[in-house]
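In the two complexes that follow, subunit A is the common piece, with subunit B as its partner first and subunit C second.
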Partner chain A sequence: MKSLKRIVALAAIAAGSLGFLAGPAQSQQGSPVRIGSTLALTGPLSATALVHKLTGEIYVEDLNKRGGLLGRKVEWIVKDDQSKPEVARTLYEQLVTSDKVDLLMGPYATGAILSAMGVAQRYNKILIHHTFGIPSLAKYDMHFPAWSLGPDPGTTVPNTLFDALAAAPKPPKTIAVVTSKFPSVHFMSLGAREVAKKRGLQEVLFLEWEFGNRDFGPIAARVKDAKPDLVFVGDIGLEGNMLLEAMKKLDYEPPLHFHLYPAPGPMATAPEGKNALSVTIFEEHAPYTNNPVAAKFVATYNERAKAAGFPYAKVEVQAAASFTAWQLLEAAVTATKSFDDRKLADWLKANQVPTIQGTLRFDRGNNFGDDLMRIKQVQGGNWVTVWPKAWAAPGASLKMQ
Partner chain B sequence: MSRTIVLGILGAGIALGFLPWLGVPAFYESFLYLLFHWMILAVSWNILSGYTGYFSFGHGAFFGAGIYATAYLAGRAGWPFLATVPAAILVAALLGVVLGAIVFRVSSVRGELFALLTLAVTFVLATVILNTPVDGGPGIYLIGVDIPVLGPSQSASIYMMGLITATLTLLISYWIYASKFGTGLFAIHDDEDVAEVMGVPTYRFKLYALAISCGLAGLAGGIHALFVSYVTVSETFSITVPLSVVLMSILGGSRHWIGPAVGAVLITCLLYYFTSGESAVLGRAAVGFILVVVILFMPAGVLGLVSGWRHNKRVRVAAEAAASAAPVHAAEAAPVARLPARRHIVAEPLLQVRGLSKAFSGVKALNDVTLEVYKGEILGLIGPNGSGKSTFINVVSGHYKPTAGEILFEGQSLAGQDAHRFAQAGIARTYQIPRPFSHMSVLENVAMVGMFGGGGMSRAEALREAQTFIEFAGLSHRAHALPDDLNLHQRKFLELARALAARPKLLLLDEVLSGLTPGEINEAIEMIQRIRDRGTTIVFVEHVMRAVMALTDRIVVLNHGALIAQGDASAVMNEEAVKAAYLGKAHA
Partner chain C sequence: MTLPSLNLLSQSILSGFFIGGMYGLIGLGLGLSWGLLRQINLAHFGFVFLSAYISYHMASVWGIDPLLTLLILPPVFFCIGVAMQWLLSRFHISPFNSLLVTFGITVMIESLIQYVWTADFRKLQSSYGEEKFTVGGLFVPVPELLTLMLAIFFAFAIWAAMRFTDLGKAMRAMAEDGPIAAAFGINQRLLSFLLSGACVALASVAGVCFALTFTLTPTQIFSWVGVVFAVVMLGGLGSAVGPLVAGIIIGVSEAVAMVLFSPSWAPIVSFSLLILMLLFRPGKA
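Coming up: the complex of A and B.
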């Protein structure tokens, strides 16, 4: 019987501990609009999550100064998903079923977004999210991507890159595709291979590495031996920097090198990152900053990011996608004068929304719209957009080695 | 096995099974699912690593094997989810068994080597999955997979799967903990070589434990694939899984059946308590700090602390009872009980050793030894240091395999077989330096041998019998003490009690008298005589000659690994070869 009593006591303690996890009561009319999110504030993805957190704070502060949403102040509840999709799922369950937030705002990484999307789908909540990398996986009809990749980025993004290169003084004829097997990177690299083939580029090398690889010496040597005109690097984070450092040790500098998702700061400031190409939706220069909303955001972000000690205090893809997500939510609520998830979703599907990265729409495959990805290049230690010309920094054009 | 505990586990499982119908927010189902998930992983890890001490960092591999078995079959091959569950269990268990079948054969792969090897398996498996059509890079998406209806919603169904598996895992963990199998695993943890010599089929037991551990991890993986719904190699095979389960088990107490579950609950709740955006980083730091403090000050974990209190209390009560019963002798020896004497049989050979040799890197420690041990006799085995006496005991108890020669026990050949076969045939031994199982009480040490030695008793029976042997050895007042709490004399007597509990036909005593005081030697001699009186045949290796002369019926003398004399004790001691072996040759 003593054992039974102990078990009962343990069960009581467990039940009590759950009480700590319960959130406040349901919001009422006139009280703040509560918007719930998770971000990877700790764990391996935390560096980028801080960008999204700062952006959200800036936006919500500004929104509240402007009177909030439909006259109600906005309260943003952020929880730490610890860089784990399963935790993101549970926390979104908590936000919806226990905290009973009015609206959801998505996390930023593909795995966490998919987890959040599953929860949103079960409870018929609209989910606007930041940087979702694999459009084919997003099947929910009330999800809305703030990162304007288009429904088929594996084809459209490489085409944009090759268009840019075709307009350069000496277009490449041969290509080496080397790529990480990180899911949201890998399918883009495979797409680039297909597009390159169709456009008549000769593939002289294709190599893959596992995400987490640190030894890029052999890959650099193979690239050097292949002598490609263009190296398409399917990298994420610091992988591209490591590859370029390995090439430097071999006294090799590729004529043209494109990087899919490099860490923006390290790539821009490293000497071997000179002339590196990549994709962007927003950079801190005209014509993006001709938009006064963007200009104001850039100024505030720069100041707050520096004060917070961010290693890279400029607005680029992550911050811009995050800002865009809030713009979409505000636009939908303002237009529909409602917090009803279905009404907001229907409005977004039927309308176009001007944002700091351009005009977004969601009427194509899996709620994706136009591919607004542009090509940027490291020039003078900064990223500048070089393609298409309409979005290029004043006076900037693609440079070769 | 306590019925109350089994009913408690089942009762808690059934009670929690009502949760989805109580209208609580679905978040609790999701959160409790994660609690169950970590409980399953931590408890299943503990079945191998906590119970046997084979510290695995490869639990992520077995969990990942289960995840990918389900993800591939349900997400790519279109199998219904429930059909993938047995596959998830089997794939993980098979992976573990194949690994164990190789690794457990190599005695040097223990401790950190085993941990590193299992970690390497994780990386190898991740590489294979990433570079084959199983995944190939993009991950596997399971949103379209139908979830079996076990509750009023999808979340509730997954919750129920987690609950059922966690209940099953706890039942299995407790069953093993309270069974003969579990006792064998704990013996492996404390001293694997001794466990094998005492009759535990260590290789087989480790394989079983690994298969169960991996199978449960695979099952947890299969369900988790459905929970996360998007499976990628980097998430699945991250270091988080093995690190978390190790931490949970250590925090809760890895020597207890429910310890890892307690650790899983504590850590998961702590991590969730700090998920607020404002305190996330601080919270993680706090969790880390709490863990460091707990591990520093509670190395045996929360349950270890509780068990420690209970153990100390039992020892104190026993000591007080003994002190009040016999205040003068309580500290050293309880009243010695006499066992009923058995018939004394002589003349028929029990053990026949023919041409027995054992070489270590070319050095012959035993050289072509042939002798017989007759039923019921005490055979003295003497010789100078390095003559091969202990090697003989080690070979005849199965600890070493002979280089050449035959060992016939009751006419059956044992040479080349695993040591536990020797024990099960009826051969028991003591160690010159006592080697008790350090985390088992005196009672458990003795009972364990009753289970796996020649007696082959059930756990309950062995525990009852152990009381008798402890009393016989005068250790009843220390029944709940740990070996570290005993003095040398008591430890030597524990060795004897343990050997007796095996109900041996042949008892090999390896210098049981060394290190004892003259008074203690007299007690030991008396006890050995009483053992012989029960009809047990004894091979008695000893340097204390007065004991040899007093106890033995015959003696055998070894020198440089070879048998140089045998026969009546006083006659043999007068042989020139024996004198020369002990005193050296005269060169006048």
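Coming up: the complex of A and C.
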């Protein structure tokens, strides 16, 4: 029975994916399907939200060219939550009660997603969302994460990293864990400490800073003084760059440095970002781009992002998670031939969905599935996946200083 | 608690001096405006970032040497300061209302920056950013040193101007008692224009230094407000040298807290010092 369901799911996705590559649409009937969401179009998260907006626009445009959802044109309503979870909550209420949208699409970032989840739960709406960082907080049974970090990333992600490093020519023996106290980052860093301890790495330094820290000079000096083989940096946004810049001013280059959620563009292009490690679900190279849907998306995204003046015009984690969210919604609607929230949710829970980041499932803790996080590294000014080998860029392997 | 090595402690204290210089340079114009014009000019932070972005643009897009922008931007920002003062005086904005109005201006500046340069990160890549030298085993980065030197130069230059020139004395008299100063022939309106222009020009200098040292993103504007307010209040409203001294005290205290305890203790330092100041020296802050 399970295999039958899987075949149906795969067929639905195949139909959708082929559609993504296909030509102009057949005739569209009836009123448009209205999908509502918010994004942080202004405020501190806006740089990343613009990636989600562009991805959504590309997907919806293409979807409409292919005939929309069940023959109805899709209208995507995006409101600006100003990077504020409380505004996101109000706007999702509006989308459901005033705009009366047919379906919801999640916002970006953990705080806003949690707010949207509360509203979705109140109105029994399915919520597929992009990058939610704390799986233990997602209790609603009709939420579906497009970012496949698994139900226990605090353990699984560090293990993936240490597996990668154990296979390196000179595995690290000592580690410094330095971390921001930003919520979705901090628990991952604490998890890394535990995993490192269990795997026999000697911790030579542990430091925490408040999100928004301005002076990384003393932190860099302490890391340099501790002489670790590996620096695990629990950073988000620009923090990693600021720390590396401060290290550079001390003439110090750590042998290995891992960054949890760095700003992808600045880290890849900064000279001190060389060989930086991080996590990913998608990068612009084979084998990801062997998938024709992914290849087409990458080409379109590159072109549109450059035209929009994005400083980093490549598809990576955020854009891939966003694209995946739309793939999940399309797959569920296509397979169930319905816009009923409960039917869509039941289908997603029971099936596996092939996406550009891999096959997603939602049958484990809090609707999370497998941890598909991989390890990437800055090489030649670009992010390339280096671990696991099955997802590594052609010819790429982990480089050390 | 394990004691850090002397080198680690010294390097961190040096880092504290540098960040303190930045606090002092940003706080200088803010404190003068607050103390002498009785305006709590939140837009000062917006002007710092606007200058940083323009400096970034001039250097990255037009190829102008970042240090040359230090000569170009202050006169432009002086005019902006004069225009802002004209606007505030035209509508008789009270000190408290100036807080609200200038907050609005800051939000407008942030939106303008987002519109022109987008919300994404911008980094001014210049040869100065890589420059550093060592003194007794301590690394001294040139952009930070430049910021500190400019902060010291402007603090003492303005202190001297306020103390030894007629213009400075007139400004102090105006701040002390405007009507009496006017009775002695001091043109308050002209002086307030000059002072406002000078404060915004100082913001532009801080902005250029900021662009040389930090990666830019529009929403960072507000992350500097708390600590610089503490610096200005500790240093004394209207004081020229006070914000620099207070900035260095806070910067070094934060750095020492980071080395001796944990970096997460650093944000507590500035406001703890401010509270202590208010408790033991009431009326001085």
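One rule holds in what follows: the second predicted complex is superposed on the first by the 372 of 401 C-alpha atoms of A that agree within 3 Å, B and C clash if a C-alpha of one lies under 4 Å from a C-alpha of the other, contacts with A are read in each partner's own complex, and residues count from 1 in each chain.
Assume contacts are C-beta pairs under 8 Å (C-beta built on N, C-alpha and C of every residue); 3 or more make two chains touch, one makes a residue touch a chain.
All of these numbers come straight from a predicted model, not from anything done at the bench.
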Now for A:Glu208: first (subunit B), second (subunit C), both, or neither, which partner does it touch? both
Quick one: is A:Pro218 in contact with subunit B, with subunit C, with both, or with neither? Answer first, second, both or neither. second
Could you look at A:Trp147 and tell me whether it touches subunit B, subunit C, both or neither (first, second, both, neither)? neither
Per the contact definition in the header, classify A:Thr42: touching subunit B only (first), subunit C only (second), both, or neither. both
Could you tell me if A:Asn241 is touching subunit B, subunit C, both of them or neither one (first, second, both, neither)? second
Touching partner for A:Gly111 - first (subunit B), second (subunit C), both, neither: first
Once chain A of both complexes is superposed, is A:Val78 in touch with subunit B (first), subunit C (second), both, or neither? first
Per the contact definition in the header, classify A:Trp326: touching subunit B only (first), subunit C only (second), both, or neither. neither
On subunit A, which partner's contacts cover more residues, subunit B's or subunit C's? B
Once the shared chain is lined up, is A:Phe162 touching subunit B (first), subunit C (second), both, or neither of them? neither
So which bits of subunit A does subunit B touch that subunit C touches too? 42, 181, 208, 210, 212
Which residues of subunit A touch subunit C once you look at their complex with the stated criterion? 42-44, 46-47, 50, 83, 181, 207-210, 212-215, 217-219, 221-222, 225, 238, 241-242, 246, 249-251, 263, 265-266, 270, 309-312
In the complex, go through subunit A and note every residue touching subunit B. 1, 3-4, 7, 10-11, 14, 17-18, 20-21, 38-39, 41-42, 53, 77-82, 84-87, 89-91, 93-94, 96-98, 110-111, 114-115, 118, 122, 134, 137, 139, 181-183, 186-187, 208, 210-212
Subunit A-facing residues of subunit C, complex: 4-5, 7-8, 11-12, 14-16, 18-19, 111, 114, 118-123, 132, 139, 141, 144, 214-215, 217, 219, 223-224, 227, 251, 254-255, 258-259, 262-264, 266-267
In the complex, the residues of subunit B that touch subunit A are 2, 4-5, 7-9, 11-12, 15, 25-31, 33-34, 37, 126-127, 130-131, 137-139, 141, 143-144, 153-155, 224, 227-230, 232-235, 240, 262, 265, 269, 271-277, 280-281, 283-284
